[in-house]
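Consider the two complexes below, in which chain A is the common component and chain B and chain C are the respective partners.
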Partner chain A sequence: MILQIIADGLIVGSTIALGAIGLTMTYSLLRFANFAHGEFIAWGAYLALTFLGFFIALGGGGAMAPLGPFSFGWQLLAALVAGAIATALLALVLDWLLFDRLSAQGSAIVLTIASFGAALALRNFLQFVYGSLPAYYTRELQIAIHIVPRDVGGGLRATPDQLFVLGLALVLVVGLHLFLQRTTAGRAMRAVAHNPALARVTGIDVASVVRWTWILGAILAAVAGTFAGLVGQLRPQIGFDLLLPLFAAAILGGIGSVPGAVIGGLIVGLAESAAVPLIGAEYRAAAAFGVLIAILLVRPQGLFAERAK
Partner chain B sequence: MSTALAIAELEAGYEPGLAIVRGASLEIAAGEIVALLGPNGAGKSTLAKAVAGLVPIFSGSVRLGEKEIAGAQAHLLARAGLGFVPQTENVFAPLTVAENLELAAAVAHVKAKQRLPELYALFPDLAKARRIDAGRLSGGQRQMLAMARALVPNPRVLILDEPSAGLSPKLVEHAFAKLAEIAASGVAVLLVEQNVKAALAIAARGAVLVEGRVHVDAPARDLQVPGVLERLFFPHAEAAAP
Partner chain C sequence: MSELLPVLSYATFFLVFASIFATMALGLNLQWGYTGLFNVGVAGFVAVGAYASALLTTPPDAGPGAVRVVGLGLPIVVGWIGGTAAAGLVAAAVGFAALRLRHDYLAIATFGIAVVIQLVALNAQKLTGGPFGIQFIPKPFDSELDGSLAFNALYLALTLAALACVYAGLQRLAASPWGRVLRAIREDETAAEALGKRAFAFRLQSFAIGGAIMGFGGALYAHFVGYIAPEDFLPILTFQIWTMLIVGGAGSNRGAIVGAAVVWAIWTIAGNGLRELIPPADQARAASLQIVLVGVLLAAMLLWRPNGLLGPRLSRSSPKRPPT
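Entry: the complex of A and B
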């Protein structure tokens, strides 16, 4: 039982972590809480659905031939990439239309409220385009495989899709970490987050770094959305429902810290999955709220606060 | 000698219609150190930031060599040969010393493998600390890193805003000796300073900024006469005295 709770928590948590990374990166560069980030997750998931249909049609239609043990074929992987690129474009358009203009004069609160409005518009537009009925990438049924037998810690079962989600999330997080630590673009991002004026006089094109931050955040959000759709179902509220866990994770980890967002995401995921046997499945969503309240009371700067100011 | 930086009738400030720098003019030749002095709030930092592209310029001209640069974006100025060391928070604290310098080299398309050893030779203290996060450096080391970072792209002009702030007299002497060395290699240095004595000791000229205007621009030795600067800093004091 306990192992199963941990495994479920990590799977949910990896989706939350990918979303929280984008949220925390936007915050650390632009200094505002982007409520529209959840909608990047939802749009990413649905855009992938559209591209999936396109790639299946391209392959001659019919059913998608699964790859090995997974429920999906190459078409979903292609749709994941295409959906992520399209979501990045969506984020750039939103920045150009809204945030870039407002940040020229507006304060953080103006940007935050604007992002709230953008979130509403994006969510309603999504519902208008795709309808409000749940959708699925694949109707293929998956058998959970025994990873740990039942007599050890209650046993552990997971579907190959869940393991795929966990594995790819790990690869992305490690890749992002290396990008931020080792590459010039990544270091420039950290430099701008630390001190934009100093970054400019060092020769860094801050506007371009900001654009790349939107692109990266949106890509990770789209992947998170596709993951959520893959291990669950697609609903237009998928992003909105993740918003609270995302904020809880980002604040828990220390806003602005990418490793913090990852750890925070996993902790919130674990709290959600532990809440099911402890207080009942209907209160699962309250777990993130509980974590958020607890962290604000005990350590408001978060676990890995980068700027202790 | 050729003029490296020419500021003429510069007006600049943080909000439209509220000029802090009000018609300042100043020229610096290659290899020359000019000290920019003046009372608190005179607009010295604002002038330095305006030239570096961080504060809006309302009118007037700034020329880097032959090129008009007033209103150009800060990151392009940095790449075009204008180095600026801000007064505070002048290093990237979460990055190591080496990463600070490598980043500056990469964005300026300078080969770090060639340039960093030269800078480590100029600042041996940094060579020893290259793997340390810049946020954990001592005040003196941090100031050296800030200077080295600005020097990475081989700037023609180096502007420093109070590099002596927070340093012990011994460290000030050390830092200013480095500055003299840098200027001797042909870099034009604009040195904004409160530490008048130390600044005039290495500067060829001193310019006194009062209320956003350069009131006096004179050879350093003329300004080292006791009492002269006090009168220049507070031009109305005598009239007010009984």
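Entry: the complex of A and C
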């Protein structure tokens, strides 16, 4: 039982972690809490659904032939990439229309209000376009495989799709970490987050760094949304429901810290999955709030604060 | 005369809602306009007020298959006081955890409490009736009046009186030394602290009073409609109240009231217009388009008219607080 709870927590947590990375990056770079980040997740998931239909039609229609043990074929992977690119465009358009103009004239808190309005508008527009019924990428049924037999710690079962989600999340996180630490573009990004004025003086193109932060954050959000849709179902509220866990994870890890967001995401995921046997599945979402309040009371700068506040 | 009756009935109905929204917007104006506190959980505090008042005044469900087993059946006045106090207490608790920190942490914490209140409303069936909500909440005045024009008109008088009391009280508070300290903290916290004003205590008081006013608005709502359910307190309500305050002009109590009337009128007209234009099969979708329209209105207002219709001209529209 305990192993299963941990495994479920890590699978949910990897989705939260991917979303929280984008949130913490825009948060530290642009200095506002972006409530619209959840909608990048939802739009990413639904755009991938649209592209999936397109790629299936392109491959001659009919059913998608599954790849190996997974429930999906190459079409979903192509749709994941296309959906992520489209979500990045959406983020850039939103920045150009709203956030860029507002940050020129107002304080961070006005940006937060605007993002709250943008989130509701985006979510309801999504519902208008796609309807509110649940949707699925694939109807293929998956059999969970035994990874640990039942007599060791209650046993552990996972579907191949869940393992795929966990593996790809790990690859993305490691890749992003190397990008931020080793490449010039990554260093420029961290420099702007630390001190925008100083970064500008040293010749870094701040506007371009901001654009790339939106692009990276939106891509990770779209992947998180597609993962959530793959192991669960697609609903218009998919992003809204993830928003509180995302914020809890970003604050828990320390705003601006990418490794912190990942560990925070995993902790929130574990807390949610541990909450199910403790307080019941219907209160699962309250676990993220509990983590949030605890960290605000005990260590508001987060576990891995990059800089003193 | 007879064709005038439905119009009058609708007009009173519209105005009752406008004045209830105006009361909630006044609570938000105290928090945001006067103190610079960003509350993303307005709907949660309204829900606490509505549910607390309903539970205090409505007897439990009767008969076999009863879901809700809690309920006191006390007079409506007790419900209003209790609902107001309960929302104020919840606001004080959230404020205690988040107000010492960066301003946007309060936004996230209030967002969280609204989500949790929604969860409790949906799932604590014995207390809240779950998704079915609480029915048969007592209404003031004679039960024979229920649903008639006379009831609407009497309740309108009541909500207008309540609104006037809240407005007068807030105007006095704003002009009092207490209100001046709030503005001082909003404009320059360091200077206020140097004068010996404890910013945290003032913020907490302002946040709790604002939350209590929102709860009062919720209680007014519950006893007008007579039925509340979790879906009445979704984030869209928070968003509506925010749009009302920003359209009217944050920092001005009159602005909050005017904004409430204007945005509620736009909301109603947009809803009716979309119902006319869009075929019945797509009505559910049309409702989401209504929200998109108001979202665009809020964004446009922030971009081109950040002080709102009646916002204070001299003061900055965006209170800045130094990082703490």
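Assume the second predicted complex is superposed on the first by the 309 of 309 C-alpha atoms of A that agree within 3 Å, B and C clash if a C-alpha of one lies under 4 Å from a C-alpha of the other, contacts with A are read in each partner's own complex, and residues count from 1 in each chain.
To be clear about the criterion, a contact is a pair of C-beta atoms (placed from the backbone, for glycine too) under 8 Å apart; a residue touches a chain by one contact, two chains touch by 3 or more.
Treat the numbers as computed from the prediction; the structure is a model and nothing was measured.
Legend: residue contacts after superposition of the two complexes on their common chain; A:Ala88 is shown touching neither chain B nor chain C. In the superposition on chain A, contact is made by A:Gln105 with chain C only, not with chain B. Judged by the touch definition given at the top, the superposed model places A:Ala188 against chain B, while chain C stays out of reach. When both complexes are overlaid on chain A, the residue A:Ala114 reaches chain C alone and has no touch with chain B.
When both complexes are overlaid on chain A, the residue A:Ala286 reaches chain C alone and has no touch with chain B.
When chain A is checked against chain B and against chain C, the one touching more of its residues turns out to be C.
Contacts of A:Leu243 after superposition on the shared chain: chain C is touched, whereas chain B is not. Looking at the shared chain after the overlay, A:Val206 reaches chain B, while chain C stays out of its contact range. Contacts from chain A toward chain B in the complex involve residues 184, 187-188, 190-191, 194-195, 197-206, 306. By the touch criterion stated above, chain C contacts chain A in their complex at residues 36, 38, 40, 97-98, 100-105, 107-109, 111-113, 115-116, 119, 122-123, 235-236, 238-239, 242-243, 246, 284-285, 288-289, 291-292, 295-296, 298-299, 302-303, 306, 317-320, 323-324.
Within the complex formed with chain C, the chain A residues making contact are 32-33, 35, 98, 101-102, 105-110, 112-114, 116-118, 120-121, 124-125, 127-128, 131-132, 240, 243-244, 247-248, 251, 280, 282-283, 285-286, 288-289, 292-293, 296-297, 300, 309. Residues of chain B touching chain A in their complex: 52-54, 73-75, 77-79, 84, 86, 89-95, 99, 102-104, 106-108, 149-150, 153.
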